[in-house]
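In structure tokens below, several structures.
Below are two complexes that have chain A in common, paired first with chain B and then with chain C.
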Partner chain A sequence: MGLRNLVDKMKPTFSKGGKLSFLGSTFDAFETFLFVPNTTTTKGAHIRDCNDMKRTMIVVVMALIPALLFGMYNVGYQVGMTGFEAFWFGFLKVLPLIVVSYVVGLAIEFGFAQSRGHEVNEGFLVSGLLIPMIMPVDVPLWIVALATAFAVVFGKEVFGGTGMNVFNPALLARAFAFFAYTPQMSGEKVWYAAVDGADAVSGATALESLSTSGTLGVHAVGGEPISACDAFLGLIPGSVGETSTLAILIGAAILLFTGIASWRTMLSVFVGGLAFGYLFNLLGVTAYPPYLHLIVGGFAFGAVFMATDPVTSAQTDKGKYIVGFMTGALAVIIRVCNPAYPEGMMLSILFMNALAPLVDYFVVERNMARRNRRIKTVK
Partner chain B sequence: MSKNIKLRKGLDINLVGRAERTVAERPMAASYAVSPLDYENVTPKLLVKVGDRVKAGNALFFDKNNPRVLFTSPVSGTVSAVNRGEKRKLLNVVVDADAVQEYEQFESTDLGSASREQIVETMLSSGIWTRLVQRPFGLIADPEKKPKAIFVSAFDSAPLAPEYDFVLAGCEKELQRGFDVLARLTDGKVHLSALAGREGFVAGIKGVEHHTFEGKHPAGNVGVQIHHIDPVAKGEIVWSMNIQDVAVLGRLFLTGRLDMSKTVAVAGSEIDKPQYCRIIAGAPVRSLLDGNVRKQQAGAAVRIISGNVLTGRKVEADGYISADADMLTVIPEGDRYELLGWAMPRFHRFSVSRAYFSWICPRKAYRLDTNLNGGERPFVVTGLYEKYLPMDIYPMYLLKAILAQDIDKMESLGIYEVLPEDFALCEFVDPSKIEIQQIVRDGINLMIKES
Partner chain C sequence: MKISTNITGPLGSNNPVIVQILGICSALAVTVKLEPAVVMGLSVIFVTAFANLVMSLLRNGVPSRIRIIVQLVVIATLVILVDQVLRAYVYDVSKQLSVYVGLIITNCIVMGRVEAYALGHKPWESFLDGVGNGLGYAMILVIVAFFRELFGSGTLFGVDVLTRFGYTNNSLMLFPPMALIIVGCIIWVHRSLNKDLQEK
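Let's look at the complex of A and B:
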């Protein structure tokens, strides 16, 4: 194979002792991207499952695609376009966000891998796509760049890289941008892309309307009231990828079928959100149907793609039920009880990221106690 | 009395090349080898030199840490080589076999009147003692200690593993005698676990506690069985023995001779005619393969594994089958590149993940090679290892405790109950390609050092 020969010819230059050996990790990343390496097992099991991190991460990226494509269409739809025109308009608006996030994030990842002499981790393939999908479409690119850099460096690399981080990097990027640049991340204008350089359209998101008036509000273009069906399909203002519950559920189906995301977490988040939605209804705090919580704002997106992050969520099966339930419940509590900040999902997941190790600690502690009891009955 | 234990976790990997139920008698090979490397934590001290004559059952070396434990020759003949590696580490002792075998005659002890100490002495001097495995840690049993129970598994659930109901058919007498001997070694019970539905060949054994297990691999691992029957707590000791070795032990106490013959499966996708072979322990690999390996394309190699594909040892074509192996597996080496492999459908490869397509044809037998199928990464996925370890243990937490060298945590999380082999499936499925069995081995070695 010609390509293989070419790679083999280049390899010595990048290997130890070669002229460009300081770019070894970068070369390795591209080489293993092109070719599954010829490494064979030396210790332990002689055969291995053909699943690896690359495949795992690429399946997650594929699961994100329906929500991303719909998000692009919705960007155009929200400013009054329809059909392919809407999609193309949205595509051109969203693409720069994706490019910036990937370029900044991967550059830092490669740099760190290089300085540590590690192979480059695939984790950012997912984070890099998640970041633009949870940003408002009108966010300035430099904020995306800064937030991505912050998330990768302080959310991940300072802990040792993929697999060692405490907080979900993509959510950390959003939290950073939200708190550091609140005016550019909220308000009535950021949810609508500028047309021909001018902010033509503005309006509250369905989530904000829900928190202030108990209804989903009206479409900014046309003035029709937003129906629950619109919210489910995703024809509402919001962050790029989060609006369509339907597209997110397609992604969820992919993740659950392939077994990559935990159904325990996903299910418990929805159950927790719904349970507390009903509770607030019973207490008379809210009057709208509780299921609206699940289809507006970032609830569904967070439940499917963020809360299920295996690294930052609970690691034990029992822990997953508990952490998932609390994530959903907390998101609804924040939405209902804190009028200044209607979107609770982001903070709820980040907070539960911090609590997950504690939950796991108690789950594992019980297993250890069972075993230690056995010693005492012996002696 | 007999209890059926059903395990839901685990995995049967369906490989091409299962041994047919025929036994090929192999002629006596030219030479046989005994290696201290087949055992953990043995420091060998030689008792013979090149040119010495030995009978089957005569000692070749002993363990310095435990001088009563002798390693004996499986055949009679002349010591032809003492192979050493780096730092003069003893690799193996090779004995050129006589055409007509002579056996060391051990006292054919009358079990009724013999004391436990006499029985132990016969087992030690014949070398069969080395086949007694002590848990925790999987070491050779300490003759100064008494186990709370002894466990024998009557089936092997690993991929392509030999079927003992075929291998040991007609050996009831030896087996019964072997179990009678084991029963004398402990004040507790001797537990015999068979595969549900295939327990017929051991059902008649008396003086043991019968159990049956249902489920996928690793249900046949004695460690998993111990965990479900009578788990090992800190400070306790149990022993286990391979069931073919129980038959050898039985023969020893029936005839007074160490007859190390056993039936091994020769299996794997690269074997022309997978079948069983009757051999003597320590036989050369060549005598077993002997023109039975499929011709490979230019540049392609095969891997010969003494044991099964999950836990066996790699051996060279001029090597010898290891003492604990009941099978020899030959699979293709996977030392080639695959263009964009991770993005391809890969119908010919197996994965437990539905990110690939093995789930479409669950009965398909695979020809898997030794490619690692990816690069090593930190722990990322969760909830996966648990599905392949049918024990009340949190595998990832135990592994992390080992990596952190936290002895107390390792104890509480179950290090006394596991051996690397119990984690072999976790290692197989791991998308992060972490050397899990080696981590467990390191953890056990640390525990031995600290205790």
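Let's look at the complex of A and C:
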């Protein structure tokens, strides 16, 4: 194989003592990206499996693809295009977001890995795609760059890099953009891409109109009311990747089939959201059907791709149920009770990220206490 | 030990905010703009310096059993003095600082220096120690406020600096969490420059 030879030939230059040894981590990253590393674990218990972090991350990226492709189509659809024209229009709008997010994030990631002498981790492969998918389509590119930089540096690298972060980096990027540049990130103007030569379309997201008027609102083009079916399919304004519950469910199926995401977390987020949706209905606070919570805004996207993040979610099985349920419940509570934040999912996942270690701690403590009692009874 | 280290120490390797992590609360609250931060810094310099001086003069006459109460009386008197002066001469800033001037009484730096230094040292040394620690606190306050005002409002001391270049204000800078992150960054830079401060 030509490529293998080429890589082998370049290796001494980048290894210790070589001319470009200061770029060792960078070289290593590309080598393991191209080929399966030929090193084996020597110490401790290990599992023989073809899976490693790169493959795991790639599966998550694949699971994101349906939502991303649909999101691109939807960008065009929202400004009145159909078919391939809509997709191409959306593709050209979304691609720069993805490029900016990857370039900025990977540059920082490589820089940190190089200066610390670590291997470059694959963690950013997923975050880099998640960030553009949870941004409004018309967000200025410099905000994406700044938010990504903030999330990677303060969300991940200061804690020690991939696997050590307390908060989900992609959500941190969105939280940064949301609080720092609120006018550019929410309101009526940002959800529709600007079309050349025509007046910009503006309108509220289905989520916003749900919280203000209790209905899903109307389509900006055509003016017909949005049905629950439209919302499920994703033909509603919103962040790039979050609108189509159907596409997200396809992604969820991939994640669950390959066993990468936890079904416990995913299920309990939905249960928590539904339970509190019904509760608010019973209390008479809201009049619309509770299932609407699950199909508008970022609820489904957050439940499938963000709450299940293996690093920031709970580690114990019982903890996953608890944290998942509370994430869903809190998201609905914020949506219904706090008019300043029509989207509660971001805040609720970040909040539960902070709480997850505590939940784990109590689950483990209880388990220990239970087993101690059992020892006493036997004695 | 040279007396000059009383002043230079707290500015560098023994800074009360970024090394001893004291007085963080007010550092988050008063650093949205430079002007209140500078005024707050000056107030704390005054209080630490004179609390140290007075307590050092009294140190042989105060029984150790009631020393905390005596310290509190001295510090509270100084703080009330500062508060009244601020209200009289810089009313606007005093309003912005609101309760945080009064809360200097509970600032750990003041009490900490009196307990740790003034009770065991001569008046002049104690006075310098107080000035040094106040300066160390004020320095961090000004650095944090500089970044928060520059990037949060695009101004410095209320004078437009960045906005004229089409800068979009970063409103997250106006929230306290960002002050915490900036303090964290200062600690980060400071520790990477002073290797002996790094914990193993």
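Just so it is clear, the second predicted complex is superposed on the first by the 359 of 379 C-alpha atoms of A that agree within 3 Å, B and C clash if a C-alpha of one lies under 4 Å from a C-alpha of the other, contacts with A are read in each partner's own complex, and residues count from 1 in each chain.
The rule is simple: contacts are C-beta pairs under 8 Å (C-beta built on N, C-alpha and C of every residue); 3 or more make two chains touch, one makes a residue touch a chain.
Since we're looking at a predicted model, the values are computed, not measured.
Look at A:123: by the touch rule set out above, it reaches chain B but stays clear of chain C. When chain B and chain C are set side by side, the one touching more residues of chain A is B. Contacts of A:154 after superposition on the shared chain: chain C is touched, whereas chain B is not. Contacts of A:182 after superposition on the shared chain: chain C is touched, whereas chain B is not.
The intersection of chain A residues touching chain B with those touching chain C, taken from the two complexes, is empty. Residues 168, 170-173, 175, 181, 184, 188 of chain C are the ones touching chain A in the complex.
Here chain B touches chain A in the complex through residues 13, 15, 231, 233-236, 303, 305, 309-312, 314, 329, 331, 333-343, 346, 349-356, 368-383, 386, 392-394, 396-397, 409, 412-414, 420, 424, 427-433, 435-438, going by the rule given at the top.
Contact residues on chain A toward chain C in their complex (touch as defined above): 154, 158, 176, 179-182, 184.
Of all residues in chain A, only 1, 3-4, 32, 34-41, 43-56, 58-59, 119, 121-123, 160-164, 257-260, 262, 264, 310-311, 313-317, 320, 364, 367-368, 370-372, 374-375, 378-379 touch chain B in the complex they form.
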